[in-house]
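Look for chain A in each of the two complexes below; its partner is chain B in the first and chain C in the second.
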Partner chain A sequence: MYTQALLALPLVGFVVTIVLQGTARRSPAILKTWALLAFVAMAAVATLAFPEIGDTYTGPMVFGSSLSIGLTDLSWWFVMMIAGITVLTSFFTLGALRDTGTYPMYYGWLFLKVFGMLGLVMSRDLLTFFIMWEIMSWATYFVMQQGKEEGREAALGYLVYAIVAGMVLLGGVLFIHQSAGSFEFAVITAYMAKAEFGILLASVLLVLVPFLIEAAVYPAHGWLPSAYASSETSMTAYLSSISTRMGLFGLILFVFSVFGLKAIDRIGISAHLNLRTILLVLAALTAVLPTYTALFQHDAKRLLTWHSIGQGGYMLLGLATASTLGTAGGLMHIFNYMTYVALIIFSIAAVEYRTGTTNLNKLGGLIVKQPVAFLGMLFGIIGLAGIPPMNGFVSKWFIYRSLILGGYPFIALAAFIATVGTIMSVYKLIHNTFLGQLPERYNDVKEVGLLMQLPIWILMGVVFTTGVFPGLILQWIAKIQVGMGIVPIAWTLGGVAREAGDLNMMVVTAVFMATFAVGAIIFFIGGKRRIVSQYDNYAAGHFLNKDVPYNFNYNFYSAFDHIFEKLYHDAPVQTAIRNLGRFVRMVADYVRRFFTGQINTYAAYYVAAVIIALAILKEIP
Partner chain B sequence: MNSGIGLIVWIIAYPFVSFSLGVLLGGYGRKLTARIQRRVGPSWIQPFFDVVKLMSKKTNVSHGYMHDVAMMMLVGGTLLTMYFVPVPGFHYFSQFGDYIVIMYILLVPPLGMALGVGQTANPNGSIGIARALQMLAGYEVTFVLTFIGFAMKNGTTSMYELMMIQQSGGVATWGLVTNPLLGVAALFCLQGMMNEKPFEVVIAPHEIATGPMTEMGGKYLGMMFIQHLINLVVELTIYMNLFLGGATNWFEYVAKLFALFTLVMSVNAVYGRFRTDSALRFFWKLPLPMAALGVILIMINGI
Partner chain C sequence: MVSPMLFIIAPLAAAFLMIFINRRGAALALSLLTPAGLAILGVSWLPATLVRAQPIVVASIKAPLGIPLSLDALGAGMAILVAVSSVLIVLYSSSYIHRGHHEVRYYAVVMILLTSAFGLVLTRDIFNLFVFFEILCISSYILVSWEQSGAALEASFKYMVLGSIGSTFLLVSIALAYKAAGSLAMADIAVAFDSAPRGYVIMAAVTFLFGVGVEAAIFPVNSWLPDAHSSAPSSISAILSGFVIELALVVTFRVLNTVFAAVDVLPLLQIIAIAGVLVGEFSAFGQKDLKRMLAYSSISQIGIMLFALSLGSTAGAQAGLSHLLMHAGAKSALFLIAGYFILRTGSRLIDDYTGLGYRMPVSAALFGLAALSLVGAPPLFGFFTKFQILAAAAATGGGLAWFGIASILSGTVLEAVYLFRVIRVLFAQPAERSRVEMDLPALVSVALFTALVVFGALLLPSLSSMIGPIADGLATLH
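Here is the complex of A and B:
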């Protein structure tokens, strides 16, 4: 019962928002409150739907089979993540979205997108899955448009990729239906276990490619950065944290449940060289290359969107090992990344709300003006860099251990190289925003209001708590792993049981707190300190005042720039996309010449076509 | 000594032991450098005098709360790493965190320092941090690869178990002997980890003032000194545990510590300073391929 209600709620929300659209300009509070209430109700219904895990509900008949939805452990977990982050985002927009009049359909498309995502994770047959996939893709496109002017064009870029992905998926759905004779997951699983190799390969590729595109896996990641970065900032947080992961959800569902791991592992020449190896290599490239591209970004939002791609690589790394530790890490990383990236972007949004910019070369020193946003970003970047005691570390620990013990040393190295890149770019992010010299023009900047602070505080709590007590998340992951046909992880509240490795985050955190206290004691043993002005600074004898810019944030990693400049500017994917664009334009240019706009030409075409047709028809006996 | 009263005594006494060792090592290093340069050099426990002097300064200039907290994070993070690295007779905490944990908590002190230095709003400091973070891509990446290879070979990521495996057959089972390519590559990285010449571009005296330490004075500099001294011991111990078979007793431990440090300081004494990009290129041209070759050999032998 609750399952259907869960799916119906966002659709009702969508319709009501369209009706209420007119109020957006005069009294934006109505729309905002409505959206928040509806999403909170949705989260409540999602929680209530927990006992219904395992039930399937059928809907109308289409093409001789009925559409069906239902909850599994995996989908309930995703539903909770979607519900949680949607509530937080809509709460954050209460304060952050100053000008609802500019984006009257912001909440409308959000409702539709949530509908698509919930339907996707709850779908129990291939046809429902495809329909929901399409709704979600289109809603994502409309959601992206609710931003600045340049966002429109970037959203078009996304649309091209989404249409390609959708078409390939459609091909896959039809192909599988043709060969297996049904849209039902169970029938497909049984069929694929014994299917001919060619059919299996074609089905797997046709289905996986769209997922990899949606999950922005290298080299199909090009659409993401500009599309996300030019959206409205709260929407950037939403898209980065959950939207991209729908591709991974599809991958998990199809690789582990619908096709089954056994069928997938038939594609390959040996146990160490199969489809999963290719996925691992792609995942490693996804983790490394975008992370180092993030290093050279000058815009906070853009920098983080590159990490959305890179961290997706970690998730895929863990999942592609298909081991207990690896899948646990991959699944956990989806949740962890969602929490800390939302936290970081909310903090950035708080800065943008007061300063009006996210340009890293213009900000600086805001720690004294916006300490809460600083703390939020600090917690977030510690998570993103994967440093204890935040939650990002735990999932990375799983992924490393599975890669090292699974015999993938160079993939593990790639993961660490990506970590180094992450640390570098997040330090640049926090340094250029909050540390260094405070420009005079930001002297009047104030902390944002409580409405915007609250989601930041909540997420800080989540990032820290699930880092110290990873068992809270691991208990779900163990259940999901059973559903995926993988030996579940032996978890404890603080980490993993002895047989799975040495990790207890409760002890690590406790020791850290104790040693931190020792540091504090040493600090207070020393004499009294005095806080000085930022201009009271060593400058080799030069006098500093507000007229002397004395800051280092432009071209922050100059040595890297020096070494990689050429590689960065002639990146293979960018060059390929540029060349592809040039090729398409060239072809289109030739095609254009046929359309002269004169009726005589078209008449001539018509006559020619008729003559050719007659000639051909005459040949046919 | 890994339960009951003995454990509590260890937990309380170990920071002091570690700090004293650090003082001796630091003093020895300065003395050694002085003798190489035909100077007399300072006293053996000069670092201790330095710390006492700095901690009792009356003027302590701060640039804000992050600057203060950073100092606690710096010392706290180093002590945290120290507890998780096993030494003879004390490996209680290694059951709660393997080397992957150590690898990441090693990043806590640099992060703390980076945040604190960021708030001091001195471009020299920020440049130092930017250099330090870029250097991670050189030595830390290579060092982690040597660890990955070694852990894969022995089928465990626990530092204590790796140490025990090496101790099972005397010198012949030391990591440096069984996997010389990894061991030597890691030795280069050790030089970088310890910020000694030719990889001391982070501090770079006279070039960027003293980098991260530019705005540090009084107790702030004192705490950085304390951290540096403990860190000396921790980093040498990590290398020792991974490639020199750890140590079975304290005599062996101290002997290996000083021997390893002599090597590091000797290299330090005769080299100049590499530029950041030169240092990175060096790491990517020599130690990294060396470690990669070592790992490939392990993979070939494994199949």
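Here is the complex of A and C:
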């Protein structure tokens, strides 16, 4: 009952939004309020649907099988994440989206995208899954279109990847349906357990490749940064936090439930050299390379989109170990990343709202003007860098542990290396935005209003609370793990017991706070302090004034940039993909020359066609 | 019940009548009412034809001396599609075709084109098929050159030359058939070919295929299409791409599948179809002229339909015919909207439509929907028909079928990219925002076509009881 209502609500929202389009320009408040109310209602229905976990509801018959939806522990968890982040985003846009006339269908496409995502996570058969996957892809493209002009070209880049993914998946759906004889997950699971190796391999590859593309796993990650970074900023937060994870959802669903881990592990040579090993290597590359690319970005949004790729690598690392601790870490990292990346981008959006830019070379010193945004970003980057006491630490700790215990020391090393890159790049982010000297032109900047502050405060609370009490999240993850066929994690409120060493975040946080307290005591009783003008300072022997401010934030990390430039500017994968695009265009140009415009050649085609057809028919018995 | 002979007589009579009256109002009324009436006629005959084919006796003369005509479920279905499409396209033309510009003659030629279209569906005589084919071709040549611009005249001329080559091939095939059977009735020829030498039948089949196939735009005898469909007035492009090539495809396939059943042409048709899909999509990719792009897309869509039909399975035939219905709606809508884009900007180049979506929001939205359906985005009609085709191909199995699936899937990637480049341009930042929406009759016409492709999936359950007998028409000669 609530399950169907949950899916119906965003669709109703889509239709009503189209009807309300006329009001968008005159009084945008109507549309914004409607969107917020509808999404809050959706979140409420999602909560009410909790008792319906395990039920399946069938819809219309299509191609001889009925479309079916239903909630599982895994899907309910994703539903709640989608609902939560959608409510927060739409609340944030109340203040942040100034001119709704510029983004005519922002909410409309958002509704449709939410419909696609909810349908995807609730689908209980292959056909529903595919239909929802496609709707989600199309809607995502249109959502991206609601941004600045340069974003639209980038969105087209996303579309190409999305369609390739969609068509490969469609090939997979057809192949599996043809082999297993059904769209139903249960039938496919039973079939795959005994399937011929060739059929199993083809099915798994045809299904996993699209998920890896959607999850922006190296080397299919190229579409993400431009497409996300040039969207409207609140949408960047939304896309980064939940959208990319739909690929991971598909991966979790198919690897652990639909195909089953046993079937997946048949693909390989030995226990340590199989499909999961390949996934681990890809995940490690995804964690390392994009993270170091993030270092050199000069736009705050773009910097974070690279992390959206890199952190996805961590999630896949944990999941691909298929161990209790690893999957717990991977699943939890999905939630954690969602919360702190939304927090960071909301903070950036708050800065952009007042300064009109997200260019890291131009900002600086805004801590005195926008302390709430600063605090939001601080909480967020502590999470992103994986430092206690925020939630990012817990999931990363799980992932590191599982890699070491699982016997993947080099992969674990890669994860550590990626973390160094993360810390360096988030330092750049917060330094260039909030620290250093305030440029003169931002003297009149004020903190954003309460409407935009509230989501930031809420997310700060979530990031901190789930960091100190990871058990709040782990209790759900343990349930999900049972459904995935994995031994559930032995969680406690503060973390985990027994699993190769306890983790109690309450103790960790207490120690962390105590250290701060010692520092604070020394600070307050120790020395005198004097508050001075920001120009009462010197750098490299020069006195500073407003014409010669210290300017570290311009071209931050340029020395690294200089060294590693070649590695990421001419990355072989990107070059290969660019060349593929060029090749397709070239082929298209050649093929088009078939239509010469000359009647003589056309007449020759007729003759050739007849001769070739006669030859072919003669050969066919 | 009213005789199905009216399908041929009524539009012909209307054409002559409107020339004599020579009034715009009368011409418009006649060309709206005639197909509307015929649509009703088709619907009224449909239940009977679903049970069995209805032979039509002309002037009380029975076979073998009479003219063999027959209305089966396939014929009735195609006739309804043609009639309804023409009502909508004539409605569109009422605001699209300039007043005074030999307007009456335009409608008259459209009516003659309809006569031949219905005739092709009804006839069971291979020479009558030739006659109707010629009428169809000649009226198409006239309509393509309607705007009398240099490009239109050139396109029409090329079309005429290539169409004539096709007619010649067709005539050769008919001659071979007549020599073998001593009769022109399809049923007799089919019997005669069963015992004729194989090489002889192959020769007749191939010349037939590339004779009628010219009008069906099958690869590689479709080279006239990009010029003709893009230079014609958009209403005519919609007629040509919307139902003429589909109709010709169905007729070609049915005759090959029944009359020439002695040779198995299906593998050849599959190869031709796949080549058509790839050539069409690649040619449309990177095309800067909107109507040309749509014309190339028609080539690939015809390839998809032919692929489905030539799978040789019931599921394939049904899927192909469903796709035909979808394509008729989607491509008509796209061409008709493109017509107004051209009317409003004076250009056929996609780059000149920057921001037009803000000036014609409804048209642009409908364009987007039709394009999405053509690409096969769920939950629109196009997804279901394309999925059915792919599923039917997967069920057939074999290397060629899976190669076809792979080609259609890759073609879809290209198709989506080039169609979405158009949508992206339409909604780029506009230079001006004054509204220049389509005129009301055109808007209604396009909206109805788009409604078909949006809600068509809802028709599928009710279609499923009819599509069986309709698809059977592809394999039987009654």
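Here is the rule we use: the second predicted complex is superposed on the first by the 580 of 621 C-alpha atoms of A that agree within 3 Å, B and C clash if a C-alpha of one lies under 4 Å from a C-alpha of the other, contacts with A are read in each partner's own complex, and residues count from 1 in each chain.
Operating definition for what follows: a contact is a pair of C-beta atoms (placed from the backbone, for glycine too) under 8 Å apart; a residue touches a chain by one contact, two chains touch by 3 or more.
Since the structure is predicted, the reported quantities are computational estimates derived from the model, not experimental observations.
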First (chain B), second (chain C), both or neither touched by A:A608: second
Chain touching more of chain A, residue-wise (chain B, chain C): B
Touching partner for A:L273 - first (chain B), second (chain C), both, neither: neither
First, second, both or neither for A:L378, with chain B first and chain C second: first
First, second, both or neither for A:Q534, with chain B first and chain C second: first
First (chain B), second (chain C), both or neither touched by A:A29: neither
Residue ranges of chain A touching chain C (in the complex, touch as defined): 60-63, 130-131, 134-135, 138, 141, 145, 149, 152-153, 155-156, 159-160, 163-164, 167-168, 170-171, 174-175, 177-178, 584-585, 587-589, 591-592, 594-597, 599, 601-603, 605-606, 608-610, 613-614, 616-618, 620
Partner chain B, residues of chain A touching it in the complex: 365, 367-368, 374, 378, 382, 385-388, 393, 396-397, 400-401, 404-405, 407, 409-410, 412-413, 416-417, 420-421, 423-424, 427, 430-431, 434-438, 495, 498, 501-504, 507-508, 511-512, 515-520, 522-523, 525-532, 534, 536-538, 540, 550-553, 556-560, 562-563
Of chain B, residues touching chain A in the complex: 15, 55-64, 66, 68, 71-77, 79-80, 83-84, 93-98, 100-101, 103-105, 107-108, 111, 114-115, 118-124, 126-127, 129-131, 133-134, 136-137, 140-141, 144-145, 148-149, 151-152, 155, 157-158, 209, 214-215, 218-219, 222-223, 226, 275-277, 280-281, 292, 295, 298-299, 302
Interface residues, chain C side, partner chain A - complex: 158, 161-162, 165-166, 169, 199, 202-203, 205-207, 209-210, 220-221, 223-224, 226-227, 263-265, 267-268, 271-272, 278-279, 282-283, 285-287, 372, 377-379, 383-384, 387-388, 390-391, 394-395, 397, 405-406, 409-410, 412-414, 416-417, 420-421, 424, 427-429, 460-461
